[in-house]
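Okay, got some structures for you below.
Below, chain A partners chain B and then partners chain C, in two separate complexes.
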Partner chain A sequence: MTEFLSGVALIGDPVTILWIMFGVCFGIVLGAIPGLTATMGIALMLPLAIQLETATGMAMLLSVYSGAIIGASVPAILLGIPGNPNAIATIYDGYPLTQQGRSAEALIGATVGSFVGGIGSLILLALFAPLIARFTLRFGPAERAALALVGLTIIASISGRRLAKGILMGAFGLALAFLGPDRITQTMRLPLPSVTMGTPLANGIQLVPALIGLFGISQALYDISRVKSGTFTPPQVSFRGSIPKPRIFVRMWRMMVESLGIGTFIGAIPGAGASIAVFLSYQRAQRRRAPAVEGGEAPQLGSGALEGVVAPEVANNACKGGALIPALSLGIPGDAATAVLLGALLIQGVVPGPTLFIDELPLVYAILGSLLLANVFMVIFQLAGISVFPKVLTTPVPILLPLILVFSLLGSYAVEGRAIMAASFNMGVALVLGIIGYFLKKNDYPIAPIVLGLILGDMLEQNFRRAMRLARGDYTVFLRSPIALAFLVLAVVSVAYALWSSRRHSDDSDTTHGEADD
Partner chain B sequence: MLRKGMVMAVAFVLVAGVAYAAGPPEVEFPDPDETITMVVPFGAGGGTDLIFRELVDEMNNYTEAEIIVDNIGGAGSATGTNEVLGLPADGYTILASGAHTVTATLQGLTEGYRELEGIIGLNWDPFIVAVHRDAPWETFDELLADAQDDPEALTFGNAGMGGATGVLTVGMNLHFDEVFNVTPFDGGADLIANFLGQHVDIGVFSQTEVAEHMDEMTPLMIVHPERSTIPELQDVQTYQELGYEDLEVPFGSYRSISVRAGTPQEHKEALADIATQAFESDRFQNYMQEQGLLPEYSRLEELDAYFEELEELFYPILEAADLLDN
Partner chain C sequence: MPLAWLVFSIAYLLFSLTIEERRMPGGDWDPGSAALPTGVAVVMIACSAYLVLKENVVGARDSKKRRAVNGESSPGETRGRLFGATERLIIMTVLLLSAYVLSFRTVGFVITTTVMLLMLTYFYSLGDVRWEPAFKFAKPLGLTTVFTVLVFHLGVTALRWTRYFGRIWELDLLRSRPVSALIGLVLWAVLLLPMFLYIRPKLRRRREAASEAGALADAAQHRALSRAMILSVITTLALYLVFQQLFRVALPMGVLG
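Presenting the complex of A and B:
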């Protein structure tokens, strides 16, 4: 009890609360700018944080982390451009909702989802951190490779009727993921190595510029072509009747609990990343859609269903608490952002790990308390912003579309901070993939499988080869591990279900299938 | 009129010529209004970053110009190194160089140290070879005996083939007739997670990593002629004490400061003075002691010569691991 009170005292002063408010605000703005990630925000604030008291500095950094994650959902919903990789799945239903004039509803859904994910994972962190952390250690290379395979099967469910095209795009994403150094042997896999060796391509294709190109630039180019052909309808900005009733969210409780579990658990596996969690939770939501509200047919996921925004946002924010589990209880960062947070703790002389929960209990309570406060302020600021954010859509299209293009290019440039060469290269990557994405969109190819291939290709290849190397070439390693075996079965079931579902829909030609609208 | 104009023009050219020949007025280096950027070619919060942040903090006490840290990670350390090589050789951009610069250069990812010149050498962060606390080995000899009984059955993890731990594990494996199954992981944190989960038998870690996880690790050997200065690790025997004097591998991570080749000599000397004062300060010396970093000071040309020695040490290991730029 004394430790708890000491922890509260560490963050209970007005100065710390002001820092938390500042951190959340800064994070939301940063996250809303495509290309600027939570990791970058924390790294930017690191020099400032280490000048503050340890608990205050950590509270500020955690607030930036929380703010940046919810902030990324704003452009995802309003413009169809994920602010950072965590918000990829939010665009599937968020952007269609905006196009239907229901952006406020989508933003509220994202806020509720984020709050549930944030607080839920915080509770799990407080209650079960050492237990979950120990369990995630059972995820070795074989288990992670199998998990990545499950992630790749999501391509089938998000491609809808365009299954063949989806698989082709997934393969394109995998090919992009394999560019750069072979992560096991460090051998370069590059076209024209004599030319490309000393260039940033030697480091492979970075995810954020690829995302900006494939979603931001391609969408702006596509809209420009539609403006030219006179088929473009600007999204409506209307607030009438757009506040969802609380009972709608209550009906989603099962889906929220599932997404919370997926997000917290995947977040706690070092190196798995939020992207796989948001897609997995979206896939689950697709299968467990809440019943239609007030009679009538509820919209299919992918065509503007609120569940499609809430599920990935719960998972996305749950990953944050999840990533802190191995970070605080084992000293192993769950993701890049928590790696910087750990660095901040180390600079202050605090060593994270099992002893943290014994030696520094007040600080642990202070960290949990500041996360709680950050989540509360996140809701307040986000709700306050809901009447402001959609105003961006009132910008005349001849100004808005070029602005999106400029910000997309700036965002891809900013990823590398002050590294001019790498930044210029990233801008080139965004532009080239933007143009490719434009032609793909025009020809009705889904874009998301490319991103899944790009994210999961690296995880699958590295872990598969590592598992094989550790097992000296014995493939049965994937069958001997109960976790890997369970994932392999899940992957097979997932593909079979998607094929069956796809065939059922194509048999019923009258039913319009909810394809993910990229 | 024409003649008068020509005289004026000639006079102008002469005056301008003299002014040009005299050059701009000499500005003291470092200009107090300018910022010196220390490019750390790794992410913020990592081991290398923390050491250089500590040093830069202290360096700011010895100059009026502001010195800041900029993290430019990627491609081992090549992305940050290439950025430094792309900026003017004026001393206002300095690189957190070291053993990582040598490996990145030999792999052909950057022109690296061939286009860099030394400011000062700092320290070695010697690595420790450890096994899981639940593993059956109490000594390195026992471990080696088992590895020799069934070659490649025991897995020896590193944090990435191109990095310092990768070079060390490959070098050790070569020395011991390739009895270990050397497996690279995706960075230090990934290696620790897999080690604690017992997916890999042996690991090579920094001293601070071992100190943090002492209750789950059995450290078997410190790869340095001197024992650790960290109290919890002072019982860990050196490779020489264990009878492996002929083991020729890099000790761990070596760190230094470099600038782009062609930087004026007086700028390099000024930077070396500032960095040396910070290095010799009580604060940085105490920090090194606490972190187990073993000082290896060198200055300007001495550091350039030291890099040549490192190249000789690293070359055969990278060649054996097939990591050399062909």
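Presenting the complex of A and C:
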């Protein structure tokens, strides 16, 4: 009870609440601008978050995360352009609703769906994360090393058909993580030591500049092609006669519960991604809806049905809570955005896993509480901003990109705060990785595996070496421990599934090409 | 790209082989500092070699077939179109960002940020990097920088006085970070608002005059320039307030220091 009250006190002060409100607003605006993702938003806000108290900083980042997810539905509904790939399913019914002059109805539906998904998955997170974390108390170095390996196999699933590229990027991330001093023996691992020894590179590559470079600068460079796309006339949003009645949503309860389950479950599987969840929930809603339509009651999904907006939005937001389950309990990020959140925790010296639920219980309650508050503010701001969104969508790219670029560089500078030399070096790291990230994106290389490698590299190396030492060099230690063995099997299954899935997709596309050619 | 990765991977393998093999105290069974980097290098070489083979053998065969079916031209025939407006903008951005990072400490935050923001916004608004307008905009660039420096100095001096009075009157509130940032915000808003209200119609008139004279390129240039000038001044000062005043990040003053 004392821990719970301490947690409430951590997020209950007005400053934290103001940061949550700011985070939600920033996230919604960011998510509403096509091309800008939640991951990029969290990476941009990271330097500010680490200047704040741990709980306040995390609350702000989680608010950005929450806001960006709901924000992505705005351009999907109003323009038929998803703010990020996870809002694609929202277009199928959201945009037809806008074309029918019912955009306010669609936006309200998306808000309600997001709230249900957010709160529902939060409850599941609060129930399951401590249980999993308690189980991890049984883990030794061998189990932890195997767990890190499972985390790295997420690369297989997030790389899709680009498996070799994904593994290469993951290995590159590990190579970056291994730069600098070896934490066990303090051996220097630096290329050209005569040149690099006196530079801040001797301490290794910091996570924040790397994240900012890979997600912020590279995306901004990539988006330069959009500066010539011109302006457009935003749709008018009118409330008249289009506010859905609460009973319409009450009638959807079964579909919402299903979407919540799908979203939380898929979100909790590291690397599965919300895009799978939104399509599954949409498909489910479609099946559930079919008989009613035959009776001629309402439009079918795909032609402007509110269910087609609510179901994917519930699943999309439920993924957020689901992705936090492995992140907080095992230290394994569920997606790229939670990888950055995990990075924020590690920078603050907080290690996710069982110790988090024992030593930092107030912080856990603060994280859960801030998610709750973020969801509440999300509803308020989303509803209040419905008439403003069309204006946000017209923000010219020539104004937006310079702001992102300068904020990215200054953000990576701010990590070191008062050490000007190291701080300037961080700007260089962010810029170099941003340029590398741009070329990688341009050549269809996935970026997220680099982050996984950077985050999990240390955990993998330290635990692997400790396990080998304790087992006196016997590699079968990973097979003798049932938990480690289970993780290894999971890793193999994960890679095998990704390979099978990738092959199936390429077979499909070959068939399609063949048909097209014919 | 895969070939570049292959070269990098081999270089990384060579580097990992030079890492001193040190083991943890009393741990003869520790694989050592170089074990994992070497393993990673091997994985990187395997993946990049696979990609090189795939793109050069399978990829070349497929693209040849696709070109034959679609009647597309070979890559060599399109080489002349490689540097379009977008590529020029990207190169300019990378060069500007590099210059920004390199001169940040010596020239200082205020000047570098104003110049970079102005140039980026201006060229992005034009949608291309054109040398003639680039030359023409040297004067507004200089004026905006001088103006930002002046306004910045006025604000910083006022903030110093506020803190000074806070100390002698023993008013901690005047010395607190959020209040200091708020005072700065109000002060700069008071300074900038009348100036923008005065300048904006002038800029608009020039733009309209250019538009009426049929010089649409000039009108677009005026529009880009006014947008860039306003954005660079406001953003530079706002970033100073957030990073230096609110979060106490030591932003270098460089030549202004």
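What we mean here is this: the second predicted complex is superposed on the first by the 273 of 518 C-alpha atoms of A that agree within 3 Å, B and C clash if a C-alpha of one lies under 4 Å from a C-alpha of the other, contacts with A are read in each partner's own complex, and residues count from 1 in each chain.
Convention: a contact is a pair of C-beta atoms (placed from the backbone, for glycine too) under 8 Å apart; a residue touches a chain by one contact, two chains touch by 3 or more.
This structure is a prediction, so every number in the text was calculated from the model and none was measured.
Enquirer: Give one of first, second, both or neither to describe whether A:461 is in contact with chain B, with chain C, with both, or with none.
Expert: A:461 sits against chain C, while chain B stays out of touch.
Enquirer: Scan A:472 for contacts with chain B and chain C and give back first, second, both or neither.
Expert: A:472: touches chain B and chain C.
Enquirer: For A:480 in the superposed arrangement: first (chain B), second (chain C), both or neither?
Expert: Neither chain B nor chain C is touched by A:480.
Enquirer: Of the partners chain B and chain C, which touch A:254 in the superposed model: first, second, both, neither?
Expert: A:254 sits against neither chain B nor chain C.
Enquirer: Tell me the contact category for A:161 with respect to chain B and chain C: first, second, both or neither.
Expert: A:161: touches no partner chain.
Enquirer: Given the touch rule stated above, what does A:141 touch, chain B (first), chain C (second), both, or neither?
Expert: first
Enquirer: Go through the superposed model and pick first if A:341 touches only chain B, second if only chain C, both, or neither.
Expert: In the superposition, A:341 touches chain B alone.
Enquirer: For A:221, is the partner it touches chain B (first), chain C (second), both, or none of the two (neither)?
Expert: second
Enquirer: Return first, second, both or neither, reflecting whether A:178 touches chain B, chain C, both chains, or no partner chain.
Expert: In the superposed model, A:178 contacts chain C only, not chain B.
Enquirer: On chain A, what residues does chain B touch that chain C touches as well?
Expert: 184-185, 187-188, 417-421, 469, 472
Enquirer: Can you tell me which positions in chain A touch chain B when the two form their complex?
Expert: The contact residues of chain A facing chain B are 42-43, 46-47, 136-141, 180-181, 183-188, 197-198, 200, 202-203, 270-271, 326, 330-333, 336, 339-344, 346-347, 351-354, 416-422, 462, 466, 469-470, 472.
Enquirer: Which bits of chain B are touching chain A when the two form their complex?
Expert: Its residues touching chain A are 37, 43-46, 49-50, 53, 69-72, 74-75, 78-80, 82-83, 86-87, 107-111, 152-153, 155, 160-162, 166, 181, 183-186, 189-190, 192-194, 196-197, 199-200, 211-213, 215, 322-323, 325.
Enquirer: For chain C, which residues are in contact with chain A within the complex?
Expert: Going by the criterion above, the answer is residues 1, 5, 12, 15, 19-20, 22-24, 27-37, 40-41, 43-44, 47-48, 50-51, 54, 69, 85-86, 89-90, 93-94, 97-98, 100-101, 104-105, 113, 116-117, 120-121, 124-125, 127, 224, 227, 231, 235, 239, 242-243, 247-252.
Enquirer: Taking the complex as given, what residues does chain A use to touch chain C?
Expert: Residue positions touching the partner: 48, 51, 164-165, 167-168, 171-172, 174-175, 178, 182, 184-185, 187-189, 191, 217, 221, 224-225, 227-228, 396-399, 401-403, 405-407, 409-410, 413-414, 417-421, 423-424, 427-428, 431, 434-435, 438-439, 443, 445, 460-461, 464-465, 468-469, 471-473, 517.
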